[in-house]
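Here the chain labels run A, B, C and D in written order, and each chain numbers its own residues starting at 1.
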């Protein structure tokens, strides 16, 4: 398979250049080539007019090229300073010069107003701050070319705004910035130029000022995409899920989840908005049983207290987790096996205690077909699918349970506009079939587009609740930042 | 096609390396290899190979069971020995007709091994000691305990050795041509393992856990419970192998007799090499058994040091492990 | 393949050892014995070395398949395997050295040792030489067979100098027969308790560890099986010698002469067990005891009393 | 019960384990699970004896031990890094290979079996104020702070820990993961070589088949118990050494040998429980 097929890309000095494209279009691959992580089979890279060839990131770094990879390249066990200087540490008499390192990092933090503490362990930082550590790493290396692969995928609107502020300032210092993003509005807002890839080729390029959202979306997918679609409200019925006083103690007295109660009705999508790290993981753990918590959860009249994950699933819970690669699937196993999980103790896959091969196969094929999972077949290893297709497969598996209650976390993180449309439509259809859906998302636009009711989670508490009509970008965004309730 | 290359290349490489070693010591490699093959599979040697293959394949299967879920049981020796000594105690002291004794002894061995391995699982589940370490550490006290029992309460009064009395005539597993009938039990265990692995929800959950532990937890597979069950199954199989060993010739427990031949370690290697797949594990185990018994035959016939086969075996494993990595990587990219 | 094998007209002999011969003095003497016998009868000999119970059995049946005039097995580990093979092959003659089958067989001749007599004499030397009145023993395993080297050692010491006490320690651990470092640590532990004469029954490799500890700790040690004094001259007092070669020669002669099925016990009287210091080549043995004629004289008397039956040394392995 | 010789013998017993455990800790930090310590130690023992025997110098023996064990650890390095093989398979196999290979070599090189020794074989001799200890014993203690400084005060240590935590991230920062992993495995081999040399030329002066007798496995446990920190590993090894030396004493007062055999393992297991319980209390679920 060709990830990149004769892609030409020219980026000027002091410019923010956006790169867009569907999942698996080859954006990350292209960036990796620029950063020396992969070698191109053909073609050349020129920097400041001179042809260069990076055999390794070390050479790219030396040439002033830095990259923030999709998903972070940080060490949780190390401090901010250690993460920043990693690989080009200041030394004194052969040993690490901690003082000099801290001084330099502090200075950079102050100059770029990044508001980080050099001594903090990265493990303890929220996602937004981690992103800044990544930027700090590039600044420390005095990168003239900054490559950022989907840096905003995990950020909230205010965080994104701050990041863009930093990026604009850097561009003003004559640095070159290459930005990969799936988010049309962001690209339109921040970039000077844009290039769109489709199937490993360039399908559109030009000054951002000349582009429209619809035009870019069409260039990415090859078809018209309805971008501003807000799905009509559902018709909520009985309460399917009720959570009462869920509490998860924290490390230093401050609970990670603090007395959270909520209900979800059949035929209703309840959106939980909030900046990542405000208790979303704990809320999901409390409901699914992956985490031991205080409080209780009642599902269709059945108290789930003390029940195992499996028993909760049997009681009518389906779950699309946040981390599709490690939690939601087994990347080395085949699609067939991945899709059988959860069905492997039930009819028709099992009869008289034995798994039946044909039924397992049919089950996989049915999901692949229904949910339009693009793969070479049920035998393909899950890990070889593109992110969007993995997500569709996981959705297919969980929706097929036809469970009364569905918990969905970050359903479209890192997924392209085409796949987002598909996934959103599925969720609404699922709701309209009478199921209850709890949607946890850091993507405000997603919350607003899908939710019949919006709850805002801030520092472990529900600080605000909006009906579909009340919920708008401004009000919810304010509550997410702790400005309401 | 790749499957064949996967095995053939390392085997050829190991054989060539062995040939070089043989030439260096001034021996005709063909004669030495011939002696190994005829010693392992010839009319005289096949019995020896099978006799060796029973404990090795048994232990390999025992260790493969948890390995399928990515759990390494390093305590096979302790479980094996406890199974053996428990079976012996039952065989010696429980009254009743012979066949009943045999069945009870086999059960006792299985239970003892299962319980002891389950203890290691509890150490991981409740006390946070990783399985790898808890199984390893628990193994030594078990061997010491068996050593103590066979020297004091269970010792052979007439003998000066650390060994138990022989089991009474009726309470023994008969032999066919020098091979214990326990071989049928081992084959049955392997068959059951193969069926569970390939065709049942329990086997499927085991494999899912092996592929991606967090995925398994998310999907509702209870890891602590699975650990306990798999370890019990593993230790039980190891204990059964121990029981089969004492119920066979010389019909007694001799301190160290189950440890020095390295059944456990060779079994573990077989399981690791085959990725714990039931049939692959069996094949690898039989192959190693053949190499070992062939090695002794070679030494008797040609005076080439039998350690050569140990070297060959290890070199082969190293080549296999290394190349499987290469193939794994290639497959991942394709 | 072996030219000697084809030309020799005499009987074929096979020796099966329970473990690799290597530096094991007991087994080296056994090999010497079988070689001498083969030469004497103008026959052939082969040695099959085993490593573990499984290979013992395999080697023994392989030996039987060769149909030798005598299959010689040394080491207590053979008891069950010989019983089984002897029953299956009534025509095959076996010489079983160092132990015997529980049930007698007409085709199995046994030769056993009374090592305890030698330990007793060595203990007497230790008692006489000890300045602290404490003697010790480092022994591979806590098992009756090996108690023959510790308990009589203490008894002999107490006999020679009343009040002398014995402190035995056992190696054990993961590899008792090949853990010299542990043997050394144990010997050092004994020295720390004031022991100044240590019997080393710690296996071939283990004894070297004991001797080394003796050298560093400035105490004295005793060896077993053969003359181990040259391994650590000045530190090794004497050795309990097991003359396996002589015993094998006797046994093969007897079997070839048509006498089978007996059990013969070799002790001090039969000169199957002795001390290096009491042998004619003592002056060149490099043993410490050679420079203590007074001690040797007293021990010589004790030996004579054992031979005459005036002293009977208890066998700890027959409790 | 407790006297100077207890500590002295504990010290001697502990040194090979300490060297091997430090090797294991170093590898663990870089994300390499090394269970081939037992085999590397054994190869070190053989190399030390062969080197000392053929040159007449114990110190050349030490050098040969280091070279031999380092070279031997290439099996794990090449197998697991270059060829991406399973480190557990490779570790178990190379432990078995070490036993077979040294037994084979003892037959072909020294023409004997089981063990090799000779009064002319040079040992390391005593050194320093503590009786009965060789220079390597002191070296093993020095290695503890040296490794701690390397790991926590040197750029290599920072990178090494990064490589251990997230290799792909380290790699994207221009750190050559392969090089670091080779580095720790080979350095681990060298440490095991020193441990083997101490066992074969310091504790005693001879080579015996499989003379490491499980010490490499103890080292694996010590790495675990010491949480791969040099100081923790030292404490873990010390605990084991003391438990063993104390066991010898207990045998002296009449406890059966089997009970004292099991003691160090039980003590270690209990120590593991306790350290886990303490950790769990420190951070609520």
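Assume a residue touches a chain if its C-beta (ideal position, glycine included) is under 8 Å from a C-beta of that chain, and two chains touch if they have at least 3 such contacts.
The chain lineup, named per UniProt: A = ABC transporter ATP-binding protein; B, D = ABC transporter permease.
Source: prediction; values computed, not measured.
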item	value
Steps needed, at minimum, to go from subunit A to subunit D (ABC transporter permease) via contacts	1
Between C-D and B-C, the pair joined by more C-beta contacts	C-D
Far-end chain from subunit B (ABC transporter permease), centres as C-alpha averages	A
Centroid spacing, where centroids are CA-atom means, of subunit C and subunit D (ABC transporter permease) in whole angstrom	35
Distance from subunit C to subunit A - Cα centre to Cα centre, in angstrom	75
Centre-to-centre distance between subunit D (ABC transporter permease) and subunit B (ABC transporter permease) (centres being mean Cα positions), rounded to whole Å	27
Sequence positions of subunit B (ABC transporter permease) contacting 2 or more other chains	140, 144, 147, 151
Junction residues of subunit D (ABC transporter permease) - those touching two or more other chains	256, 258, 261
Junction residues of subunit C - those touching two or more other chains	49, 141-142, 172, 174
Listing of all chain pairs that touch each other, if any do	A-B, A-D, B-C, B-D, C-D
Residue numbers on subunit D (ABC transporter permease) that touch subunit A, as the complex places them	149, 153-155, 157-159, 161-162, 165-166, 168-176, 283-285
Of all residues in subunit D (ABC transporter permease), those that touch subunit C in their complex	3-6, 8-9, 12-13, 16, 106, 112-117, 119, 123, 126, 131-132, 199, 203-206, 208-211, 213-214, 244-245, 248-249, 251-252, 256-258, 260-261
Footprint of subunit A on subunit B (ABC transporter permease) - complex, ascending	199-201, 204-205, 207-208, 211-212, 214-215, 217-222, 332
Residue ranges of subunit D (ABC transporter permease) in contact with subunit B (ABC transporter permease) within the complex	75, 78-80, 82-86, 88-90, 92-97, 99-101, 103-104, 107-108, 217, 220-221, 224, 256, 258-259, 261-262, 265-266, 268-269, 272-273, 276-277, 279-280
Residues on subunit C engaged by subunit B (ABC transporter permease) in the complex (per definition of touch)	1, 46, 48-55, 57-59, 61-62, 65, 76-77, 79-81, 84, 99, 102, 141-145, 148, 172, 174, 317-318
